[in-house]
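Some structures are shown below for you to check.
Both of the next two complexes hold chain A, though its partner changes from chain B to chain C.
For the complex of A and B:
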């Protein structure tokens, strides 16, 4: 096995390192911890964080790429498969390999299209053939299907619950002293729950609304995952697509693409928007004029046109230099990265404009003038006074943009200038499914799954951002402890 | 008094209004308003005055609701009315005007349309009839050229005009009760005097009752018949104006009077009330004032006092008066703080001039068109000269828009002056390069008006205080800086433990202390205080004034004190400069300028200040408002509003005339005889 680090993988690892460092830094400083503790007290915030981290986990597992070693060797050297797989692929190899012939509805045993089949008597009859994998164990699906699905779902849910209980017990055993860290993450919260049995003092923790919400959410999620996992072993839970790939697998694989587009693009966009917006607002004069002209011109070009032109140019370059890339996956990945860059460079104008306006307001504030009276340098005023006071705008618009970018990817793929056709993404899923919406009976599941997953992802991100914003807003927290 | 026989119009009994989370914002309030009477609710910010008014109108925000009580207007039970009938009452029987007229008028509707809307709703007047009535109403509230003003938008009117329009709108429904929520707080004294006079005149003509909400004892003295003093949701004292001013009964009321600055006490510290109003969710168990009261004993901390009547028509919520014997004692104590002191305790020493400003000008160009060519100049500051000696206070007085604040900022070089000279401790500041200017920064610092806007909400106290030291390289190492911070906090009277907290955790007065500490951090010789107390309550204002005064004595600081509040100036300043439209019209020592004012503007300004002790100064009413500095009047800037204007005033700007060695005035009245 040979690990492969694609460009986007590297960026994701970098992001995670930055995230962990930030957490460590904040934990050292109680005053920075304070707002996050408020986040930890918000039920909506914690539950959405939980959902979000599940998505992140899938995305992360999907970012650990490798090439499997082939059994035969050439000249004593190990030969690796040209196919780049991820740890996630390995984990759900069943889902990946069990492909049917073409469309099939969720949780069914029959194909979507009728076929001519030879009956035992030699007669040719046209009927819906049985699936190769989905419900293959059933003798008479017409009769047994519903009962079997229900049984498997229940068994799976029960299994999930069992794992949940074991997990909590394990957490309790391994972190018996983490109670005082105020349940910042779900694990802390769970450990405290069990300690309550021993220490009446923390019985109050059971009354803790947030903790209860998180526990209930984990309970539901565990049961749901259990049920789906158990069903997926024998059925296609969300059906199959045109070439018979499992839609659940496609949806899960799309998460990584969505996350990459959402986060990496934001990373590209942020420096532009922050630097230019704040500088334009604070320095005024010719700096403001130049920046304003740039973003006015940029935002008056139809963005799809601009992106399409840039993507097509990039595509040509990539195709002319096929030798730059070892594998098809590497090429698709570079295309994804370039798409992020292009989206980032073309989408900073909105945030930049917002930040300029806010800075115009802030620069007249008396604390800025007080700083000027001390002779504090412009750079320091920008970083110490203005940046922290526009961060709430950045936070909100970044999350809004995150959702918008995931959607933009879908639109671009639809136009044909999105990600590489071999990359699985919500956009390519929707693009492939759109034509089948007109068929009768309708092929709804591919679109519905993409829609559902995107909705949950974007909604969780939005709710979490809301909770964070509220926690950081000093005006909302002035009367803390009143309620 | 005639109103004692007039019938009761509004009856409020046991009104309780609370937040959804349980905090009682208005707690068991009862009062009566008689017909044709002005009833004043007096109290500091956050004591529930406005919420009482909104409860009466049933216009409370969503998170607040009326829990119990009865409100009867003309025997109609207001709280039981259905919403549909309530709409008739609002505007028709009870009308309300607010503090900020700029925010209460719709900016995209003309004045006429907005009044007509009220007329149509309550008087069923339309078309020509409505227009005629609009003109009549605008005339009534003293807006000149009413027919033309009808078609103007709010932005074309000045602040005083807007408040007049608001009053006209309130009068449109011919209400029997007018609720005025701090109607003059955002205005200059001269405009405030006009608006208060208007309210009085209107009341006399229409016989309506007024419920006036204010924090200003001066306003109370001018308009009130009955006064109720509110504290933390309770009415703590209620009396007629005469009784209240003669014998304030509740310790809180007594303290409020004692906290007012004036010349009689300029040598000694003001009787500030320690602490601040308790937050409503954390109300003390016993008497709400007990933690700040120096007459409190155990009973006060344990049991809330009941309403006790003292004398005729006067009532108080205080344990002092529950036994009859205590009554006299309380009154004796009431006068305690009022003993006039001897003159200045600070010896007037001749000291070197610290700041010398001559002919300072700040002009802002007005640019127009694509090429941004200059079409005019706003002469915000137009030739100001002043001197501040070491350890002295110079006050700069004037209405808003006269260029006081711009002068202050120009001295600090926050705004680059157009011309003139600013010499600070012997160094010329104008034209210095940024690098050299930074060295001079430490000498001069500023304290701003709004303590909520002058502290960065994302920085902790320590960071705020350290900023100046870091920028100017004072106390290089950490330990020295930490020690310095502790000293600073001690100096401004804040606990050392507050250093890691954020500004939003502090009250207004505490924030202003932080702002002062920030300025002091770089050990300046001169503090420019830009209305440092105008956003604060009276009791807190006294704390800050005391602090400024003691800091001056301790550190030999000089102050340039910018203010429109003449009482504060009288208390704190040594010299006064009166500014009008970018120029200083009169200068001199406090006694000279405030007791024997020469310039007609100074005289008008002084007479417009509502005083609690009417000193028999005849009111000089100023017509109109401050002209625009874009296009100042020819000749003397003040002549269009001046009652003594002569022909020469329209022709030439008067030169300085010396009245005494320290007292000078720019006015033609004195030019000939003494010049």
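For the complex of A and C:
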């Protein structure tokens, strides 16, 4: 096995490192913790964070890539397969490898298209053939299918519940005290009034609305995952696509692409926006003029067109230099990265303008003027005084942009300037499935799955973004209070 | 005001030059015309002769910035930059790859785009503002919370879903209007109804929520409290005071897009087969017709700048305190 680190993998892990460092840094400082505790007290925010972290987990597992070693060796040297797989592929290898001939509906045992088959008597008849894997264990699917599906779903859900109970028990056994004393997930003052003396943590939990919402959400998610996992072992839960690939597998794989577009884009645009926005606002004069000119030019081009033009050019470059890439996956990955870069370049202008405005306001504040009077250098004022005070704008716009970017990916892929056609993404899934709406009976499952997964991801992101904004935006809090 | 407008138009020139240089760099420096020729001809048929012929047909067989072979003014004018980029300032976009005049094509395709985009814009504005006003009127109640929740769900749905779902339900299941196509005159109405409806529905979530935020901000101000204290009814407060005072932030977001309506919508037009500028752009992207994409980029930024100027002018219309000088 040879580990492969694609560009986007590296950036994702860089982002994770930055995130962990930020968490560690914030936890040391109570004044920075304060708005986050407000987020932690919002039930909607925490439940959406839970859903997002599940998506993130799938995306992270899908970002650990490797190339498997082939069994035969040439001249004593190990030969690696040209196919780049991820840890996630390995985990769900069943889903990946059980491909049918063509379309099949969700949870069925028959193929979508009729085929000529030889009946026992030697006669040829046309009928729907059985699937190779989906429901293959059933002797008579016509009769047994519904019962078997229900049984498996129930068993799976029960298994999920069992895991949930064990997990929760483990959490409470291992930290019964900490939860109570440090108020980990925003246990507020009420937790001190403990009713149940024997299980203090348990009583505190019942009093806390947020914790209760999170527990119920985990319960539902655990049951759902259990049921789907158990069903997926014997059926295609969301059907199969044109070449017989499992739609559930495709949907899960799409998550990584969506996350990469939503996060890496921000990562690449953030330094530009921060540096230029703050510099323009603080230094003013010709620096301000130049920076304003740059972002006015960039923002005056309609973004879809600029993205289209840039992606077209990138395609030509990649096409002309096929020898730069060792594997097809590496090429698709570079294209994904380029798309992120292009999206970043076109989307930093809004944040830059906001930061410039805020810095203009901040530099007239007394404490900045005091610092200037003391002879503190510009660089130090920028990093010590201005930067920390515009961070809430950065954070809000980053979380708000995420969902827009995930949605944009689907549209761009449809327009033909999105990810590489071989990259599995929501956009490519929708693109492939949309022409099949005209078939009779209709092939709706691939389209529905892509839209469904995207809706859950974007909805969770939007709700979380709202919770973060409510907690961080001082202006918004005030107006909400008056209204 | 006239002097202000003239000054603004002069300010626009350096920005357009910037856009022009950017597209020029993107299209001719990142990839040389040779690369484009190879890409278009396909790997198999590439011979130096074929590339030369391709470039000659499209006028790409010139130096990029300075033609040292030519004499006099020809040193500058007989180059790719002058002929392909600078000529866009007088709206001469040249010819597309299938030999048609791009400017002419833009003129004929503008009307279908406008036929969809303008009603979508107007109906949308009325719908979003009314919905937002309704939520503001019932602010803090369960109705408002349900409205906001609905908005969040609606804005989380992909725009593609509205189009595909709308086409499927309205055209395929109910057979109310044709799935796609376009016709002029009164007979064409049946083609534009669905795209307009879907266009309005597509951004109802984000827009209504945005207007609601604006109204809420306005309703928390002192003059509203004074009006209420004088006994003005809640509805009158909303329409006579809040709506009027919220005009400035609304106009900031709305007027900018009016000129861009000419460009049409990429998605709607290509899904509904409307021969407007949006589908023209998509076709050009898919056919990798660089000339057309370049022209659309330039046109788009011109229209955007026009929109910015119109925004400033509109402020003076709704707020007499604003004076442009």
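Here is the rule we use: the second predicted complex is superposed on the first by the 355 of 483 C-alpha atoms of A that agree within 3 Å, B and C clash if a C-alpha of one lies under 4 Å from a C-alpha of the other, contacts with A are read in each partner's own complex, and residues count from 1 in each chain.
The definition used in the following text is that a residue touches a chain if its C-beta (ideal position, glycine included) is under 8 Å from a C-beta of that chain, and two chains touch if they have at least 3 such contacts.
It should be emphasised that the depicted structure is a prediction, and the values quoted were computed from it without experimental measurement.
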Touching partner for A:443 - first (chain B), second (chain C), both, neither: neither
First (chain B), second (chain C), both or neither touched by A:343: neither
Chain B versus chain C, judged by how many residues of chain A each one touches: C
Touching partner for A:231 - first (chain B), second (chain C), both, neither: neither
Chain B versus chain C as contact partner of A:305, first or second or both or neither: second
Partner chain(s) touched by A:351 [first = chain B, second = chain C, both, neither]: neither
Touching both chain C and chain B, counted on chain A across the two superposed complexes: 478-479, 482-483
Residues on chain A engaged by chain C in the complex (per definition of touch): 293-294, 296-302, 304-306, 308-310, 312-313, 315-317, 319-320, 403, 407, 410-411, 414-417, 426, 430, 434, 437, 447, 451, 454-455, 458-459, 462-463, 466, 478-480, 482-483
Touching residues (chain side chain C, partner chain A) in the complex: 14-15, 18-19, 22-23, 26-27, 30-31, 35-36, 38-39, 139-140, 152-153, 155-161, 164, 168, 172, 216-217, 219-220, 260, 263, 266-267, 270, 281-282, 285-286, 288, 290, 293-294, 296-297, 300-301, 304-305
Interfacial residue positions of chain A with respect to chain B in the complex: 31, 365-367, 369-377, 380, 384-385, 388-389, 474-475, 477-479, 481-483
Footprint of chain A on chain B - complex, ascending: 19, 21, 23, 279, 281, 409, 412, 414, 434, 437-438, 441, 444-446, 448-450, 453-460, 467-468, 471-472, 500, 502-505, 515, 518-519, 522
